[in-house]
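Input: structures, listed below.
In what comes next, chain A is part of two complexes: it sits with chain B in the first one and with chain C in the second one.
Right after this comes the complex of A and B.
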């Protein structure tokens, strides 16, 4: 009953609805940034439907046979110039400015060029992984960030562990699956970094606002003297926390729901849900994504959503703690931003020669900065296999204790 | 019975109340002191918003902090600054407070209808509180304090912001509510409690100075209050000589109401019965907030 009343207070805050609608609009816009590649990407759907996503000998033979037919067609339409083309891209590159072909032929040529990319890249995967040396990656990172002493040793040590995981990954064949060619399309970055980070920060704003506003509601409306002297007394703070949790979950459902619905309706992932996230095609940087566990795209997405939800509730806990002591939404909001800023900036100014720099990464504030590298060995400072788990468990305990402490303290707090 | 036992309250180095010992039985108690004397601090301790630095507050022999919900269940409180949700109707706001008081929905609805009628707001139950006048808001405040039919009703400066007509109405209302409960009425306006309080509590120098009936308190000044007429030209020297507690100008003369320990040395002096206000002004004569009262 009380929770219903507290929820009603949140529902009557226009700023929450305004921000929610604004963020939905923003996320829809971000989601649509790669629509130029939509047709191009549709080629992959056909390939997966015809050959499956697992790149093995049989699949490559079938695809190769099919590809030969396509190359034959390419040479057929190009017969007037007397040359033989080995790939559709050669013909396209030759006639890119002249365009002597009709519209249908051009469309087909672009499609074949995409197939060519998938076929030829698939052929080169083994060679790439044979040459991939994580020691070089470690040295490059150590040099790039000016690491030395213990910090440099840690990076080398972690890359050694990652190397063992890479061997396992190769043995499993996780790297050899068709997926969007993300060196071109950067779909992982779009979904988990651009949209993902936007979602995290938007939800953070909404969570902090909802929690602070409902917790401080009585003080800001000068009704504390009446509310907290009623039978329920200071326990009202618990009802407020419960209401903020429910409202927060609703906000998560709406924002993530609408954003992902837009994204997955725009970009067709059918047939790709079970592709390992560590597949070579998902690579966007010279070092491909290497998850510490064999995770499919769908599993990775599931973990992403789970982490986003947990982190938002951690932010809620911190905000609740601040609200109990500050009793002013604006003050809580700015204080939260200062803590978040400090959480992100402290590791930047830490000395790069000690392992302390790695310990400073274990905060939700740092964790949310690179959601596209969660559960992976790709972040130089968050390379630990248990980084996400430790961060979440430690901060759940810290935040839980802070909330328990603040509730206990609030029971005997002097309310002037 | 509600008991304050050797209660002191400090805010850092500042002592707001010192060794306050009081007992409250059923009846109306007027807590009378100028602003800043510690009335609100005392009230806030009685309603569990503040906690004593030393001493204890007992209800029926048990510390109120130990009683917790059980104590607040019999408590009704109208704070000095009664806050409200301006976009709520009185009915909706009272429903919320009833829920906080642990009342069942149907019981609450019935009680709210009854109370809004009692405070004369039955025709505006669906009007938003932001459209209410100060007096109407105060009546909503009284209604909320009465929601759980409290055994202890504490009202902090309940008439501030009310016009004289509304004050009179409020006093009448209190008389209706006064049966079988403890009512503590904190005020710095003497007339608020003069006609309705069974006992008056006066606080001075952080301590309880008097807790007695109005008649007994007024006896303090028995034979010491006079009225007399003085030429306007002599008013200044009269003021300098005697402690004036009220002045009124009539044509070319000033009528003084004043306090003196001397017997009537002038036959024109008329000995008058002391009122509670006279005592109040006498006790707090060195308090700056008392300047400017009239006879």
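Right after this comes the complex of A and C.
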């Protein structure tokens, strides 16, 4: 029952509600940054409805036949200039400034142009993957970061493993699925990097504030001398941690819930939920996204949410530990931020030739920097297949024992 | 006066100073050091940098048409040197390539082996002359085409400005765009660091009195009721101190980028594609940025003082500062310091936002001051 009272203390802090609203507003704003492409994206929805998202021979012939008709129409409206156009884009490029067509025709032309992109890119996928050589990617990364010796070997080694996975991926046909053409739309970046990272940082701030405020509550409201002189009072630390966990879960639910609801109501993903995240259309960089496991978009999203939740609880554990020993929300807050900054910087102290540049990446602080590359072999420093799992397990153990230690220590701690 | 000094002393306790040191160190490593270490970034930017400095030494901050003819002659001379180098290379001579022109135009499909050799000369051996020529060509290209580029620029929707630009003397200014970009990136990150530091230090100004229960003592006396004003002065002095120290250290560090040659050049430079509204020199731009940083620092101090007085707990204090910090950082990165007076936003928006922020700061303080003398303290 004590937990209920502790929870009430959190719920009565107006600033938590205020911040939650502010962050929701911010995320809605970020979510709406790609709406220019909405009409374009609708074309994909039609394609998927008519032909499915799986790109195979049968589907390509169907789509090809349909596309021929579209090209015929293009040539029909372009009759007057006596040329034949192979693709809608050619016509559009020719008349980019004159615009001799009426609005309906223009709209249709733009629509066909989108179809053209999907059709033609689909045709080129096989060739792209034949030419794709991960050895080049490895040497590019080694050159870019000036790696030497052991570090360079590790990168080559990891890319070899990734190469095996790539073969498997091609065999499964994970790369040949229709999805948003993200070299243009960058939806993966928007959802997992921009929104994802914003979510993580916002939740981090809320988690740190909630945990620190409720843990230091008695000290900051001058009730410490009363509550902590009793034996029962010294057990409050655990109740406070439990209350913070419950409140934190609520905050996650609301913030992620509202943000994703806005996002998926704005951008229609229907029919695309089961597309593998490693599909070629999802690629945004020259190197397409390659997950270590065959994951669909929905599964990937699920893992994203799961990781976000776990990492937030890691942050909570660290904050709790700091709070017990510092007893001041102001200091705890800034200390946490400084530890976070130091965690991000830590790998830079390692010499470029040693494997420590990889080992020092295994912290939640580094992990949250690139949420769009989780479970993938794309981040040069976090390329290990087990990077996420190892980070989470190790840090759960570390923060778990820190919390246990601080709860025990708190039982016989000086109050001043 | 004595009270003001005490207040300032309370703000800078050793924990807070330690916090500032750590924060500044991390900030420097994460956001600033790159712009010092890699400036100018690689080649041919480095060569371009060197050449533009030589040009300023020779022609002054502007290069008029006559001086441009001279510049072209220097280019010809350099081309001759490059010709000699190419002619001296056996493999190229055998393939019938004996001039720089031929060397430049030569492409991969005709002879992959020779192309590898070309890449080796440029990227492995890094023969200076080829990089320098590349830089000179880019200068010439920009100098010759800036008029038509300006006229056809669809993003500048202001014919009057275009006319003013094309008629001004300053359009011949020599000022590489990456010099401004580099400075603008640095000063905006320093501005953000200053805003955050002011928040951290000044935000404690009133709240520590609640936390120590001193407020009941203070506000029962005449002197205590005036404390709000004195604390405000202390806050402003502290903000000024923080800003001055940070900017002082920053400009010491910035000196290593060695850009002082460009101080007299105007932002209307042909190198820029006309990205700024005002015809001011680089030095004036620096002054404007510094003024901007001071104003932001004062606004932050004013709002922090106000919040510190009206908020009762640390968590509410931090919580209410987060949105303010987020908004200020976004504005600084968007147009208050980065791209200040840039074409992307109307010039009145920048000035208007500064005035608006100052008004908000002043308004909350005067609003609070009116209440202070009679307000209930429990």
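Operating definition for what follows: the second predicted complex is superposed on the first by the 412 of 416 C-alpha atoms of A that agree within 3 Å, B and C clash if a C-alpha of one lies under 4 Å from a C-alpha of the other, contacts with A are read in each partner's own complex, and residues count from 1 in each chain.
FYI, a residue touches a chain if its C-beta (ideal position, glycine included) is under 8 Å from a C-beta of that chain, and two chains touch if they have at least 3 such contacts.
Being a predicted model, the structure only gives us computed values, none of them experimental.
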{"item": "Contacts of A:407 with chain B and chain C, given as first, second, both or neither", "value": "neither"}
{"item": "Which of chain B and chain C A:5 touches, first, second, both or neither", "value": "first"}
{"item": "First (chain B), second (chain C), both or neither touched by A:170", "value": "neither"}
{"item": "Chain A: partner with more touched residues, chain B or chain C", "value": "C"}
{"item": "Which of chain B and chain C A:287 touches, first, second, both or neither", "value": "neither"}
{"item": "Touched partner set for A:212, first chain B, second chain C, both or neither", "value": "second"}
{"item": "Which of chain B and chain C A:24 touches, first, second, both or neither", "value": "neither"}
{"item": "Chain A positions touched by chain B in one structure and by chain C in the second", "value": "221-222"}
{"item": "Interfacial residue positions of chain A with respect to chain C in the complex", "value": "13-16, 18-19, 22, 26, 205, 209, 212-213, 216, 220-222, 328-331, 333-335, 337-338, 341-342, 344-345, 348"}
{"item": "Residue ranges of chain A in contact with chain B within the complex", "value": "1-2, 5, 9, 12, 218, 221-233, 236, 412, 414-416"}
{"item": "Residues of chain B touching chain A in the complex", "value": "44, 47-51, 68-69, 72-73, 75, 77, 79, 81-87, 96-97, 99-102, 105, 141, 144, 148"}
{"item": "Chain A-touching residues of chain C, taken from the complex the two chains share", "value": "15, 19, 22-23, 26-27, 29-30, 200, 204, 211, 213, 313-320, 322-323, 326"}
